[in-house]
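Structures follow.
Here come two complexes built around chain A, the first alongside chain B, the second alongside chain C.
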Partner chain A sequence: MILTIALKELRDTWRDGRFRIGGTLLVVLLIVSGVLAWQQNERTRAERDAATELDRRNWLEQGEKNSHSAGHYGLYAFKPTAPLAAFDRGVEPYVGSSVFLEAHRRNATSFLPAQDATNMRRFGELTASLSLQILVPLLIVLLAFGALAAERERGTLRQLLSLGVDPVQLVVGKFLGIALALALLLVPLIAVGAWLLSGTGEAGDPNLTRRILFLIGAYGLYLGTFLAIAVAVSARCRTGRGALALLLGLWAFNCVLAPRLATDLVEQWVPTPQLAEFDAAIAADLKKGIDGHDSRDVHLQKFTQETLAKHGKQNVMELPFNFNGLVMLESEKFSSEVYGHHYARMWDQLEAQDRATTLTGALAPMLALRTASMALSGTDLSQHRHFADASERHRMEFMRVLNEDLMKNARPGDHGYRVGRTLWEQLPPFVLAPREWDAVWTSVAAALGILGAWFAGSFLWLYMSARRMRLEVA
Partner chain B sequence: MSLFQLELRLMFRERAVLALLALFVLSLGYGIANGLELAERQRKEADALIIESSQFNKQVRDALERQALDPRQAMGSGHLALLPPPGFAVLSGGQADLLPSHERIILWRTEDPSEGKIGLANPTQLLTGRFDLAFVLIWLFPLFLLALIYDLCAGDRESGTLRLALSRGIGAWKLLGVRVLARGTPMTALALGAVLFAALLGGEGLSLPVWIATGVVLAYGLFWCAVALLSNCFTRTAAAAATVAGAAWVIFVMVIPTLLNVVVESAHPMPSRAELVAKLREASGDAERRSNELINTFYKDHPELAPPGMQADMLQRRLAVQEEIGRAMDPIYKEFDTELADQQQVVERWRFASPAIAAYEALSDLAGTGYWRHRAFRDQVAAFKDAVFEFYSPKFHKRQPLVKADIPMLPSFAFREEESAAVQGRTLSAMAGILALALLCLAPCALRLSRGASGKLVS
Partner chain C sequence: MLEAKQLQKRFQDKTALDKLNLKVEPGEIYALLGPNGAGKTTTINLFLGFLTPDGGEALVDGISVAADPVAARRKIAYIPEQVALYPRFSGVENLEYFSRLGGGRHSRAELHALLERAGLKSDAAERMVGTYSKGMRQKVGIALALATGAKALLLDEPTSGLDPAASHEFSRLLRQLAGEKVAILMATHDLFRAREDATRVGILLKGRIASEYHRDEFQSRDLEKLYLERLGA
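So, the complex of A and B:
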């Protein structure tokens, strides 16, 4: 019986003008957005590869100089493009893609792509993820609002039920019919997209296939929830008009109102740290340690006395190594701890905001889906933190190599000490290791849990709505 | 009782209508409160920067009154170039959270790439956008309005009361026209009131830009009323009318703007920032290596600036190197500016593809948070960098100290606002364009509802 109902609903939906027009528009938008995002991803990847190569060449060909001067010359770390960014660009346009690594300072990533764009960005970006998050639910609303309410208005629902059709089977059949119609529309696109994406970066990320499968699962839960709610509303409303108004209201709340409202309220509850205070706190803490370039610094004077006492010498020139190199090493170690502490607190705060926003997904499932989608696509805040932290570790290693060279190989008091390409080559290029699956899972688990709860809850409600329909005949 | 009053009375009897209006008022209030908070934060940041900069400048002037100073001391942490917070920022956050509103100009770092420091912000929040008044007016206002007016006659047609009403001698055009006005007026009045209220609270007062903003919002509301009328004229059921109105909202507010964004970014792709960074380092590495040659060439070209004995120190070399980097990088920076300007031109040209784009651009422009004001700031900062260079560079090269006579010539930045006629021209044309779009929607309605054809409305 369920199959018969489902096939009839599928046939009706397929013939429906709303499905034909809406579905065609949706398919066109998905293909256009997918192709454009693919092209953009490839272009960005090529640009970053070229920049990485050019910067490496600049580093190797910087000529002979003091190893600490090379630390000031610095180098850049460029963020690799995530293969799944072609599906969901996430926060990528709003975070920098390169960071300057230099002596003494931890720099933030710079050049937000959104700064090189017009005001139009505020309307959102046409991506496959946006289409699936916002437009497919709208199509579901338009297809499902009359599934049962229209039958009720026409009087055919009472006839069906009085013939002994089980309301639960009827509702499930209607659900499956619309779901099959949508599946016929979307599954081929999703299959082609997943196949293309899985071939782009498997070597770079061993979890790529798993990420894609979880993405399909997350979107399946979300769209399934929307369809179940739409059919349930249709089962409960007296008129198609009432069902449509209610469903459009729910859609508008979920897709338009909730995202901005949630992020704004979260900002009130968990405020973002102020840049001036952040910079001032770092500057204050840095003053508590050695300043490698200020001989009047009291911490440096104390460190000098301690080092001399440890080696039983009277003058730094008598030490068996270059004292300036040791000072640079110590200063770098201290400052990187200070930066590490403050940056970790800032990242924790921002991630706490994102977690809170995800939890508001309990009221609007799109918020949970967005978190899951960005995390699984590797374009969320935590992925950016992963890059920022990895580049900082690279900076610390880079400074350690240079300062140790100064300490071990420069004679005390030799201000004309120079090194060249042999040392520059000792420093390997920056490579960002893929994020461990456990870390990705931590970012995504709560969101998937919320989506799962929505899915289960919506089906329970659908079942209860079907049971309620029995009373109509009675 | 007039038809208008009757429609109003009938509408206010529905609880759902009251709930919708209350929700809209709450959204407007929240949008205004958020905008005020953002404007206050911007004002405080600007005040702190101005106080710090004026205190430092006063110290420099006082010191110069007493003695000569090394120019490096006058430079401090850089000459401040500040974009003052706009007076009507409460209307629209625009690009204010993305674009830097100040820069510190330091002579020996004028060629460093601007890092666009905008304060700490959660990128997820930047992606989502703020819940400001412009969001309520552009995104939510039409949704709420359509919820009130989507069923102008379709429901009556289904129930048969439309035939009854028309048989009493009321013309179809009059019936629907009065209905759409009666049902649309309360929400539109709230939206207009919110703009005026925000202007008063935000300190802008009832200035001309505020009245233009209300005009834009009114035109935008009229466009959506026309859409509702159109959907009612050409659909048979209330559900179909709602579907058409909802689809129109999605197409005009979501699909067309995102498509236009794709078009502008594809037609005028920005050069790569990653490559810019790498090229800058290549140019600076090359210039550093040739610094001796560069400074000698410089003094050959500018013998009047050569220091005694032609012996350049580190800073003088740095300035020569910087000039060389500037020469190498200027075409690349110009390419960024040109591409962005071209993108904006495409947006201006195609903004009437969707009234949401035209209205949002106009509101951001009036609020002072749009492209053009920031563009003016960037251009003026570039000119100010040149002024700083021209003032200090000869002193550094000739190793001349700053003296009391230099006080009036010390470079300082004062932002010159764009000509108000230009802003008014852009925003009034946006308003006129949105009204024209509304009329375009009304034309087929007029044909449908004309005296001879009104029977089609009932059938």
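So, the complex of A and C:
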């Protein structure tokens, strides 16, 4: 019986002008967003490849110089495109795509795509994820508001129930019929899109298939929830007009109001770190360590005395290595710890905000879906932290190699020490390893749990609405 | 086949049915007459299980509707004043869908034959029902009763708004169904059709059968006069 109802609903939906118009618009938007995302990715990849090559050439061809001076010359670490950034750009436009690595300083990422964008960007980007998060639920509202309310108004509900159709079977059939119609529309697009877009990420990710499957699951839960709620509302409202008004209100809350409300709530709950305070705290802590470029620095003088005592020497010129190299090593080690401490705190706070945002998914499923979508696409804050931390480790290693060269190979007091391309070539280009699946899962588990709860809850409500519907007929 | 035993229904402080006793045997056409608010539609709704009785019970082929509404409905076909159909489906598609849900399994040819029997030609049966007149819709309703092999037929003002020819055609079909031992309970204001088709007539007043007449009684007398007398008009 459920299958009969579902197939009839599918056929009815297919013949419905709203479905044909809305579905065509949706397909066009998804194709356009997919093509635009693909073009954007290709452009970014080309720019990044060119910049990476240029930076590497500049590094190798910087000429002969003191190895520590090469640390000040610096180089860039470029962030590879996330595995599924073409599907969901996530925080990518707002967090920067490269970081300048240099001696003594941990720089923030720069070259934010949003900085280069026009003011129109504030209206949001057209992406496949946005279409699925906002436009498909709107299509669901248009298709499902009359699923049962129109049957009631038309009188066919009495006709159906008089035939001995169980109300629960009826609503499940309705749900499946509309779901099938949407699946016929979306599944081919999703399949082609997943195949085309999965290859656009620069980072070869061994978990790509798993990411795509979980993405499909997350969006399935989200859209299934919305459809179940829409059918339930239709079952409860006496008129189609009432159901449409209520569902449009729910859609607006979920897709428009809730994200803004959640942002304000989370900001109150877990405040965003202030950049000025962050910089001031780092500057204050850096003063507690060695400044290798200031001979009057008390910490440097103390370290000099300790080193001389340790080696039983009176003068740094008597040491068996270049003392300046050791100072740079020590100074870098200290500053790295300071930066590491403050950056970790900042990231922890920002990730706490993300977790809080995920929890607000209990208010509106789109908030939970957004977190899951970004995490599975590799465009969330945790992925950016992964890049920032990896680039910092690369900077530390890069400075260690340069400073150790200075310490071991430069004669004490030799200010004219020079090295060249042989050393520069010892430093490999920056490569970002893919995140482990466990780390991705940590970011996504809570959001998927909330989406699962929404799905189960909406189905329970649908069941209850079907049971209640029987009494409403008369 | 259809039996109401001491059937009671109240809506807040208003009594819609007051210990109604009624029995419609297979092959009978029982016309339930009465003014608006007398309880005719409530009786139909109680037989369909759309309402829960406050007392007594409604039985369909011995099955208590309140205890097992789905099983009871499986034996019933229901034709309201306006047969509700899906506008984006043709007559035959509507019949196919409803008959499947009612437990029938018929080929396209069989469905066409059923519609033809109900008076709907094949070309009309293939048209979207958005273009159907009320009479054509009623014919689909009759075809549905035929398709599901219902043992009882509940009709709520079935001829209201039908033109005389369509009404006559509808009556012919009803009598045909009665001839096939279908028990028919028809709530109606149409005294002419009641007189023409019914084997028994019951006048429902304030939730009770105030009078009941067999065919031979009202055939020999003026039914309208009897009805108005009972109403005290």
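Basically, the second predicted complex is superposed on the first by the 464 of 474 C-alpha atoms of A that agree within 3 Å, B and C clash if a C-alpha of one lies under 4 Å from a C-alpha of the other, contacts with A are read in each partner's own complex, and residues count from 1 in each chain.
The criterion applied here is as follows: contacts are C-beta pairs under 8 Å (C-beta built on N, C-alpha and C of every residue); 3 or more make two chains touch, one makes a residue touch a chain.
These figures come from a predicted structure and were not determined experimentally.
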Please indicate which partner A:Met366 is in contact with in the superposed arrangement: first for chain B, second for chain C, both, or neither.
neither
A:Val171 contacts which: chain B (first), chain C (second), both, neither?
neither
Is A:Leu161 in contact with chain B, with chain C, with both, or with neither (first, second, both, neither)?
second
Pick one for A:Arg15: touches chain B only (first), chain C only (second), both, or neither.
second
For A:Val91 in the superposed arrangement: first (chain B), second (chain C), both or neither?
first
Where does A:Gln274 make contact in the superposed view: on chain B (first), on chain C (second), on both, or on neither?
first
In the superposed arrangement, which partner chain does A:Val338 touch: chain B (first), chain C (second), both, or neither?
neither
Examine A:Leu36 and indicate which partner it touches, taking first as chain B and second as chain C; both and neither are also allowed.
first
Tell me which partner touches more residues of chain A in the superposed arrangement, chain B or chain C.
B
With both complexes overlaid on chain A, does A:Asp354 touch chain B (first), chain C (second), both or neither?
first
Show me the chain A residues, by the header's touch rule, that chain B contacts in one structure and chain C contacts in the other.
none
Using the touch rule from the top, collect the residues of chain A that touch chain C in their complex.
1, 4-5, 8, 11-12, 15-16, 154-156, 158-166, 470, 473-474
Considering only the defined contacts, which chain C positions touch chain A in the complex?
45, 48, 50-51, 69-74, 76-78, 80, 82-86, 88-89, 97-98, 100-103, 148, 154
Along chain B, where are the residues that touch chain A in the complex?
27, 30, 34, 45, 48, 94-95, 98-99, 113, 115-131, 135, 139-140, 143, 147, 151, 155, 237-239, 242-243, 246-247, 250, 253-255, 257-262, 264-266, 269-270, 272-279, 281-282, 285, 289, 336, 339-340, 343-344, 347, 356-357, 360-361, 364, 370-371
Can you list the chain A residues touching chain B in their complex?
18, 22, 29, 32-33, 36, 43-44, 47-48, 50-52, 54-55, 58, 61-63, 73, 76, 78, 90-91, 93-95, 97-98, 100, 108, 110-126, 130, 134-135, 138, 142, 145-146, 240-241, 244-245, 248-249, 252, 256-257, 259-261, 263-264, 267, 272-276, 278, 346, 350, 353-354, 357, 380-381, 384
